[in-house]
Structure formats: C-alpha cells, structure tokens
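Quick one: this structure, given as structure tokens, is what I'll be asking you about.
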Amino acid sequence: LSGAQLGLGLIGAGRIGRLHANNLLGHLPRARLLVVADVVEEAARQVGAPEAVTDYRRILDNPDIDAVLVCSATDTHARIIEEAAGAGKHIFCEKPIALSMAAVDRAAAAVERAGVLFQIGFNRRFDANYARVRQAVVEGEIGEPWLLHLISRDPEPPPLEYVRTSGGMFLDMTIHDFDMARFLIGSEVETVSVAAGVRVDEAIGALGDVDTALITLRFLDGTIASIDNSRQAVYGYDQRAELLGSRGLISTGNNYPNTAHVASARAVYRDLPLHFFLERYVDSYRAEMVAFVDAVLDGTPTPVGVKDGRAALALGLAALLSYQEQRPVRVSE
Amino acid sequence: LSGAQLGLGLIGAGRIGRLHANNLLGHLPRARLLVVADVVEEAARQVGAPEAVTDYRRILDNPDIDAVLVCSATDTHARIIEEAAGAGKHIFCEKPIALSMAAVDRAAAAVERAGVLFQIGFNRRFDANYARVRQAVVEGEIGEPWLLHLISRDPEPPPLEYVRTSGGMFLDMTIHDFDMARFLIGSEVETVSVAAGVRVDEAIGALGDVDTALITLRFLDGTIASIDNSRQAVYGYDQRAELLGSRGLISTGNNYPNTAHVASARAVYRDLPLHFFLERYVDSYRAEMVAFVDAVLDGTPTPVGVKDGRAALALGLAALLSYQEQRPVRVSE
Amino acid sequence: LSGAQLGLGLIGAGRIGRLHANNLLGHLPRARLLVVADVVEEAARQVGAPEAVTDYRRILDNPDIDAVLVCSATDTHARIIEEAAGAGKHIFCEKPIALSMAAVDRAAAAVERAGVLFQIGFNRRFDANYARVRQAVVEGEIGEPWLLHLISRDPEPPPLEYVRTSGGMFLDMTIHDFDMARFLIGSEVETVSVAAGVRVDEAIGALGDVDTALITLRFLDGTIASIDNSRQAVYGYDQRAELLGSRGLISTGNNYPNTAHVASARAVYRDLPLHFFLERYVDSYRAEMVAFVDAVLDGTPTPVGVKDGRAALALGLAALLSYQEQRPVRVSE
Amino acid sequence: LSGAQLGLGLIGAGRIGRLHANNLLGHLPRARLLVVADVVEEAARQVGAPEAVTDYRRILDNPDIDAVLVCSATDTHARIIEEAAGAGKHIFCEKPIALSMAAVDRAAAAVERAGVLFQIGFNRRFDANYARVRQAVVEGEIGEPWLLHLISRDPEPPPLEYVRTSGGMFLDMTIHDFDMARFLIGSEVETVSVAAGVRVDEAIGALGDVDTALITLRFLDGTIASIDNSRQAVYGYDQRAELLGSRGLISTGNNYPNTAHVASARAVYRDLPLHFFLERYVDSYRAEMVAFVDAVLDGTPTPVGVKDGRAALALGLAALLSYQEQRPVRVSE
C-alpha cells in the first residue's frame, strides 16, 4: 500500500460494527475509517466517520478504501465478500461467513481469485487468557494435549427474534468454541458428538433450537475436547478453558471488574465477572483489528482466515446432525 | 444392639483395610475392632487389633462381632458378602461389590434376605467438598441442575499387574465418579457415551484398557454430565466438580497441603495439591466409618447401600459397551 | 465554557506527560490537546499534538487553551501553577505539588484567588480496586473502619539520579499511599510513626534516603493504618489494600496479564502481576483525565483537589520527621 | 526412658487440656495418658483416662508418669512447673508460662536445675501454613527477610470475666504472634511500637484493656514486622502471614471447611473460614504433642522451649509499656 495509513470502510453499523469503528477511530494510528454504510442512514452517521452512506457499494467503489469490515446481517456476508473481493478490497468479516458450506466455498473462492487478504472475526483468539493457553501448547509447557474443556455460557438468552434467524446455537454461539478448540489444539476434529436439550426457555425449544449443550470432539491427534454451552448463566458471561497435557494442566478463569473480596459475617464474596462479551472481550476486539490492519499494511498473512471460518462451520453442521441423530458424526460426512 | 460399642472384624489387611482399621482404632469411641483376618497372618497381626486370623470365617463365627469390613480382593467381595449376611453380620464393603451384575444381584439378595445393614465404600460422598455441592443441590442454592462436570485424575497409573485384574478403568476408577454423579444430581442416568483412548502408556492399551476418557451422561431429569478421567496428572491427584444450575454455579477445587503462595522473580506459585487418595480423602474415610458405625448402632439406614453399588456397576458396564461400539448406550440395555 | 470540547495544553512531555497526551488524543471525545510544551522541542513534537513549543508561557497565553496539564519537573510545579492560575487556566498537576508546605500554600492561594479548577494526579483513586474499597466504606458494607493495610512496592528502585532529587521515598512514593489512606478512610490523620531502613541498595542509604518502610497512621476517627513500602519487589509492582471494619473485611489483590494457572510436576503457578505503574494503572490514568475534563466542562468540583495534595505532603513531612527522630509525630506539629 | 511408651499426666481438664488429652488418647501410639488432675473431679473423670484425681501432686508423685501437661489456670503455671521439675517430670506447658518475668525466670531456673525437657504450647509453629513460611526463610526461597505482616484476629471477644484475668490482649493474644514473628524471622526483636485502641467493645476498655492493635517490631537483623490484632472479625478466625524478602514474597491465607465457590446472580461467594482456633489449629495441636512425646522418648531437644516462652513474654510487656507511653520501647528496657 502506498500510504502509511490504511483506508477503511465499515459495512453495517450495528452493535459490533460500532465497536470496531470505535477501536479504529480511537486507538489505531495506522488506520483511517473513512466511510460507514448502513441501510439506516442515521445509524451510519452516528458512528462519526467522515462519510456516511446507505449503499455499501459506495464503499466498494471508493478508491481511497483499501479494506472493508463486513458487519452486516449474517445472510449478507457471503455476497458482500464476493463483491468486495471483486472490487479488490481486503476483507475483515464478522463470524460466521455463512450458514451453508456452499456459500462459504463460493466466498472463499472469490477471495482466493482476487488475492485479497481475509480475516474472520474470531476475536477470542486475541484474548490474553486463550492466547496464554495456546502459548503453553506451542511452547510445550504442558506437553502433548490430552483433554480440553471449554466453558462458554451467556448471561442470558438472546431475543427469540434473534434465535429464529441465527442458524441455531451451534452455528451462532458454539462456532466461537469450535474455532477456539481448533486454535488451542492445532489439529483438526474427526468426530463430533452432542448431548443437548432445552433447559433455559421452552420458547427456544419451540423454535427447534437448544439452549444447553455438551459437545464432545475427537481430534485427529487423539485429543478429546468438551464444549459446555448454556444460553444462561445467571452470574454472567462464563468463558473458561482448561487443557490437560502430558506435562501439566493449564486453566483460565473469568475476568472481573475488580480484585476485591469481601468477608462478611455470612460469606466471603466478590463482585460478579464482567457481564457479557462487550465488557469481557474489549481488548481482544481491539487486538484483532490491529492484527488485520497490520497484516494488510505489512503484506503478511492474516492470523485467522477463510479456512478457519470454513472449519468452524463444518463443525457446527456436524454438531447439528449429531444432535438430530443422537450419534457421533464424522466431520468428513 | 445391646452394647454401646460395635464389635467389628476386618477381612483383608491391605492398604485400604489398614486405613479403616486405623480409623477404628484411633478415632471411633463407639467401635471396637476385635479381629483382623488376612491370608498373610503377619499382615493381619500388624494391624494391631486384639486378634489376628488367617481364615475370615473365624470372624463370621465370632458372636462378639456385630459387623464386618470387607476389604479383600475384589473377586472375593460377593462371596464374602453372601456368607457374612448369612451369618447375620452387618457389612461394610469396599467398592466395587463385583464386576458382574449377576454377582452383585446375588450379593444384594443375600443382604436383603438376612436383613443386615450394608454400606459400600464410596467414601467421596463423605468429603466436605462434594458434600457441599450436594448441599447446594438439595437446598436449591443453585436451582435446578443443568450441567455437571467431574474431573477425576490420578497422579500416576497403577501397576500393570493391577490393571490386568481391575476390570478396566471404567469399573475401577470411573466407578467412583459414576456414584458421585448420581449422588450429586439425585437422579438416574439414562444414557452413557464414551470418548476414550490410550495416551499415558501404550502398555495399558496393550492390556485392552484405556487411560484417558471423557464420559457423557444424560440423566432422566435432563441433566447432562461429563466425567474426565486420566490415569496420569503429573501435578497430582485432581478431584474437582462443578455444577451449573438454573440459579447459579457451584465448583470445587483441589485440596492443598498449605495455603502458602510464593511470588518470585519468575512466577507466583504454590505447592502441589495433596498427592493421592490416601492424603486427599483422609477425612472422608473416617467419616464413612463413623456413618457406618452410627447406622448399625442406631438402627438407621446406611447412607450408601447395595442399590448404589449396583447402579455404579451398571454405568461402568454401559461405558465399556459405549467405548467398544462407539455409540451412546442406554443403561437399560 | 463555550464549546463542547475542552482545549488543553500539556507542559512537560516526559513519560507521564506523554501518557496523559495519549489518553487525550485517543480516547477523550470531549477534549482537544492543542499544544505541547517541553524544553526539548523534539520531545514536545513527538507527542503528536497540533502545536509543539519550548516555552510553556506560549500555552498560558493561548486563548484557545482552557486548561493545562502540569507534568514538568516537580520543582517547577508550584511556580507554573501560580502562573497558570494567574492566566485563568484550569489546572491538572502531577503529584506532588511541591516539596515544601510554603510552596504548596502559595500555589493553593493562587488557585483559590483565580477561581480556577485544580486537580492533583492521584490517579489511584480512579483505579477499580481502590474505588471498590472506598465504595465498601461509603456504603457501610464493612461497617466502621478499624484497621487498614496498604501494600505499595515497586518492582525495582529508580535511578540514583532520580532518588537524589525526588524528595525521598516518603515524598515521592509514599505520598500516593498517604493520599490513598485518606481517600479510603475519609478522615484525617493525627499521628505518623515510621519504622524504615535501607535493605535494597546501600547507595540509596548513602544519599540519605530509605528504601524499605512500615508507616503507622492513626486517624482522628480511631482507624489505625499501616503502609508497607519497598523500592524492590522482585515479582513486580505490588499494589494491595485491605480494610477491616466492624462488619467485615475488604481486600484487593494485584492485577495480572491473564488468569491462566499452570499445574506442572513441580508447582501450580501463574504469570507475574503487571510489572509497573504504566501497565497496572493504565485505566486509572484515563479515568482521572476524563474526570478532569468533565469537571471543567460541566463546572463541577474536581474529585481530588489542592487540599488533598497539601494533606499528603503534610503526611510525608511528618513521616520524615518521625523517621529522623524515631518517635510518633503529630501531623499538627 | 525404659519403655516404648511415654507415661503422661494431665493437670487441668479445661478446654485445652481436654484437647490435648483427646490427641494423646486417640492418635499417639507412643504415649499413654495415665492420670488426669482437675480441682473439679467430674471434669477430670470425663476425660476418660485410667485415673482421675483432684490433687495434681498425685501426678507428680506417680513414678509411672514421665511427663506432665500443665493446662491449669495461667497463674498456677509457674508454681506447677517448679514442682514438676523438682519431681523430675518432663513438662509441656500451655502459654504463657507466667505474666511476670520474675516468675518465668524462677520456673526456667527450676527446669534447668532439674535437667528436664520443657516445651511451651506455641502450637502455631506446627501449623502447615506457618511452617511453610519458615521453610521459605530457612531454605532461602525468598532471600533475606525484609517486611513481615501477621494478621491474627479472633471471631469474637472472650467473656469480660476472662479479659479481667488474662493479663490483657498483648499477653493473652499477641503472645502467639510475638512467638510467631520470632519463629519466622529467626532473629530477636529490638524495639516494639504499639498503636492500639478500643473499637470492638467499650467494656473491654473499661477494664483497662484494648481490643484492636497494630504492633510494629524491629528485629536486630533489620527486619520490620507488623502484627494486626483484633478481638473481633465477624467473618471468623483470621490467621495469615506474609513475608517480603530480597528474592520474593510468601503469603498464607486462611483455612476453609471446603473449597466450594458458588456463583449466584448476586455474587461469587464461598463459606466462611474455619471459625476459631479449635477448628483451625486441630492438626497443629496434634503435631506439637507428637513433637513433645518424641523429644522426651528420643532424648532430643524440644522444638520450642523456656527461652521462647520468656522472649514472647518480654515482647508482651514491652508492648504494654509502648502502649501506655505512646513511644517505641526497646525490649532491653
């Protein structure tokens, strides 16, 4: 790239889009957010970038724009990726790329054809806790991985309206954990086996979805992993990992707003963990954006690419099948 | 019973038998250990009770003996139970009762016929950590149980000679966890699904056994549970539980020899957890013996009975089948 | 103020000045850092504000500047405060205001005369851990305060050159803790009693300073407090508080780069705490700047003022006297 | 000694006497508790030893008794020690030996003259947490000691009747901490400086005693220590130590009845620490008795002797003077 700063356009000014915009506007000296597109013009304008538009094609046509952030509704991701790649823009896309393998494959092909860089928004890879677990694996600190446990619970279920279009818990929520399991172990999953049910809210079940699940993964390298998902942990966002290896165990806890503990006449207690992903992962959202900007400006590979988005979707679809047929499912099916 | 003290006989003066004997001799004012039987007379004598014999039938024939502790080799348990029940002795038996359902059923029938009290040595129920989790369930502190995780790892594998006759990891090691899951949730298991392998020692695999497993249980009440077993955790005995419910989470950690933490120029560290079951469960072994003595003297039910021993074995056999056929197995099969 | 944004000038582009500048440039939409002054022009320029000057009077004369940040050498603080107040600028000043009560009183008088707002850089009041302790006091969560302990240790001693001009440990380092004790308890100190010595580096002693101290404070309300200071904790910056009250105890721990714990064959360990104040107090530096900007723009009192800077200095001078004369010293002396 | 077992007599069947008796009766194969003396015969009898008497001289005259435990009222300790030493009995005595240096010196002289072994009941030295701190000092794990903090708080004040005859908080309660400080640092104290007051109960103040104190010790080796005492911590017995050294920090926490943590919709909490010394120090009471029995039977020095009892009393008296005169007091005064 010619300049020292990367020109960026944001497509979709919803919650996650605004979050990325704030990081670009406030913290990233190498990036300039030039244009925001949203079908609701007022939403686009409020982000505070120099230009606000309603048609994202104005961003794709803009020669000052080097890269786009795709933060629109999930069902528009694949199409916008294809168009953005066609326009020669580098792409950062929120997860998931799409809800079908075919759509993902088309988007991946477009990216590859265009030779643009692509990064998927698996922000948790940039979180200090998970990064530390990965470091322990890479450096051999805990030896060969044997048993991995991921806990990933939301403080409360999303609106039913959201559940209806989300693709279901495995594709919407567990997809982060599928990526995390692959990231931490550094191997691919062979079989997926699901035990799941509806415990939080019958209305979620009425929509054909589940809200409580325990998913078992077997990796090609022999590692066995469990993912514990719940749509409701009343104490707040619960995001933990623990990994037993041949030379030791590494485990992470939740993050808290402060370290204070109070001992009263009834109990020893502390405040609840950070409530949800916006509080919990604030640093990782910033770090993934830095990584994307750096990769594009420096011409290096992005740390998490199309292949990772595809693999996580494959696991989500396998989980769905395992749940429906109550049996272990090979991912290669 | 006529007297204030219970007259006891110990059958089997191995490691666990000696442990029970020490508790009886040193801490239990309501109990008198009168006779110890072991095929190795010297072993019986070293326990320090008034009388040492080589033939356990001398204990069964002794009118001063109200109750027996069956701590002999597993394959003798069922037969001795039948004989002891026939002699009208109350019975405390180490786990497992037997390795086949038929043998367990015969022993159970003998106990019922004789009307004697029976307690199985699932000592962990008497541990303060697990008891606290159960209390949280019973008192509704965490609401309705949804997701349970048990971690149960040994510091090192047993001798291969032991592995050969143990019935395999599911019947020897996991059987404690099967009982714990039933105890904590207070419901019965519907299906068992196993992912397991050999990671610690190929020689264990060569004997047809596994050393690493993740077992998923589905309870009739909808609770989903995982059991994580490893024959080797290099940091020592790892015994933890955590249970998510509709109103909260309860989790337990390991027990340590002291609470000291050291901050050095390289890390903040503490000493390793208590090394193995003899150190970790010392209080629970004492408590289960108190409970047994009290039950017999007071004529109340034992806290953990034949039915519990049977149910744990059924889960172990289901796990074995699930592992062999790589599918979820209904316990009713 | 006329505009929605506060125009600011920074005087002194050293480490702490640059830190404040970065916060103003990156995170504070209500603030505009317009000019930076430093005797080294290159240092001023590198901050990245629109204008860089060598003479801070250019900032005081600038009508677009509403408020100044005084981050120059300690011995210039009082004079610049007087001049800035005379120029009608609101003032944020790094601690300490001065090393003599007379100088502080002159500066305070100038501020009062001019009617400008003044905030002293006791950033730790804005830290989430200490704020939580204060909240517990204010809300009565721990009842009436009885015994307070502050631990405040640096990872390594400052350069001897710095020690020479710092005013000594009590005025340079403990001054933060004196303010913290007053802030947490909400009462004034009656007597100061010091036990101190040279343990870290004899060269510090050769300069007439100490590097290790335990300071006891008695408050007018009866609370007793200890401050533990060391110029060297090999494990990193140690910043903790604990307060016993009539209804309970509140205690805070250090902040860590991640929550990961590793259990190896030798120990259970975690990474060291955040190394020093730049890492540890990053959020509090931002928060104090937000508070200053908000106070000026909204015309509300600053949360920590001249009186607080004066009180902390008085405690520091009393500590020095107590150390020299080896006796408890009344602050009113 | 001729036999393999030590013959013991207990003088004083109050709470602490019964505790030692239970340890001797239940756990110590090398010891035989033969006679218990108490002015209340029923109290002596209830201990359960073979013989119960009202006159302790019956114990001193008994040739089967090798050693006595002096657990009577404090004001009888010194006299009984002298008589027991005169009778050639080895002596274990509860703390304190006496409330005056003259009485202690007389008792010490009698012990020395008789050449009997003497152990004072500073049980905390045998606690795993404190022992671990001492180990860190001895092994150089934290380098040279610089700053020590002891927290020692009771869950509730003793009855006023007890306060009246206890010798005051410094001689009754802090005396354990004085011994602990000496034990951990392994050096002698040069000066004592006290800040103390009445916060818990005015009635304690009306008796001329204090209930809240912060005591500063300066050791000959340069270590500075603080002791935090409160007669009331509503959350229970608070017994912690932390020691900063040139190479690191070691700190201990409280002991809890279980490791369970609950996360509810309001807080993350755990049960309160073990309530008071009988629960908290159960293992250390047993260990000190084992150490005494072993020392006598093996003819080795006792781990904590007359000199230690004397030194702790000297510190208590110095503390009292420091409190009364509001100044640092040299122990050599």
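First chain written, first letter: the chains are A, B, C and D, and each begins at residue 1.
Convention: contacts are C-beta pairs under 8 Å (C-beta built on N, C-alpha and C of every residue); 3 or more make two chains touch, one makes a residue touch a chain.
Remember, predicted model here, so these are calculated numbers, not experimental data.
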| item | value |
| --- | --- |
| Those chains which touch chain D and also touch chain A | B, C |
| Centroid-based (C-alpha) most distant chain relative to chain B | C |
| Euclidean distance of C-alpha centroids - chain A vs chain B, Å | 43 |
| CA centroid of chain B to CA centroid of chain D, Å | 39 |
| Contacts with 2+ other chains: residues of chain C | 233-235, 238, 247-249, 263-265, 271 |
| Residue ranges of chain A in contact with chain D within the complex | 233-236, 238, 263-273 |
| Chain C-touching residues of chain D, taken from the complex the two chains share | 144, 146-147, 149, 153, 193, 195-197, 199-200, 212-214, 216, 218, 222, 224, 226, 228, 230, 232-235, 238, 244, 246-249, 326-328 |
| Residues of chain A defined as touching chain C within the complex | 26-27, 128-129, 131-133, 136, 141-142, 247-255, 257-265, 271 |
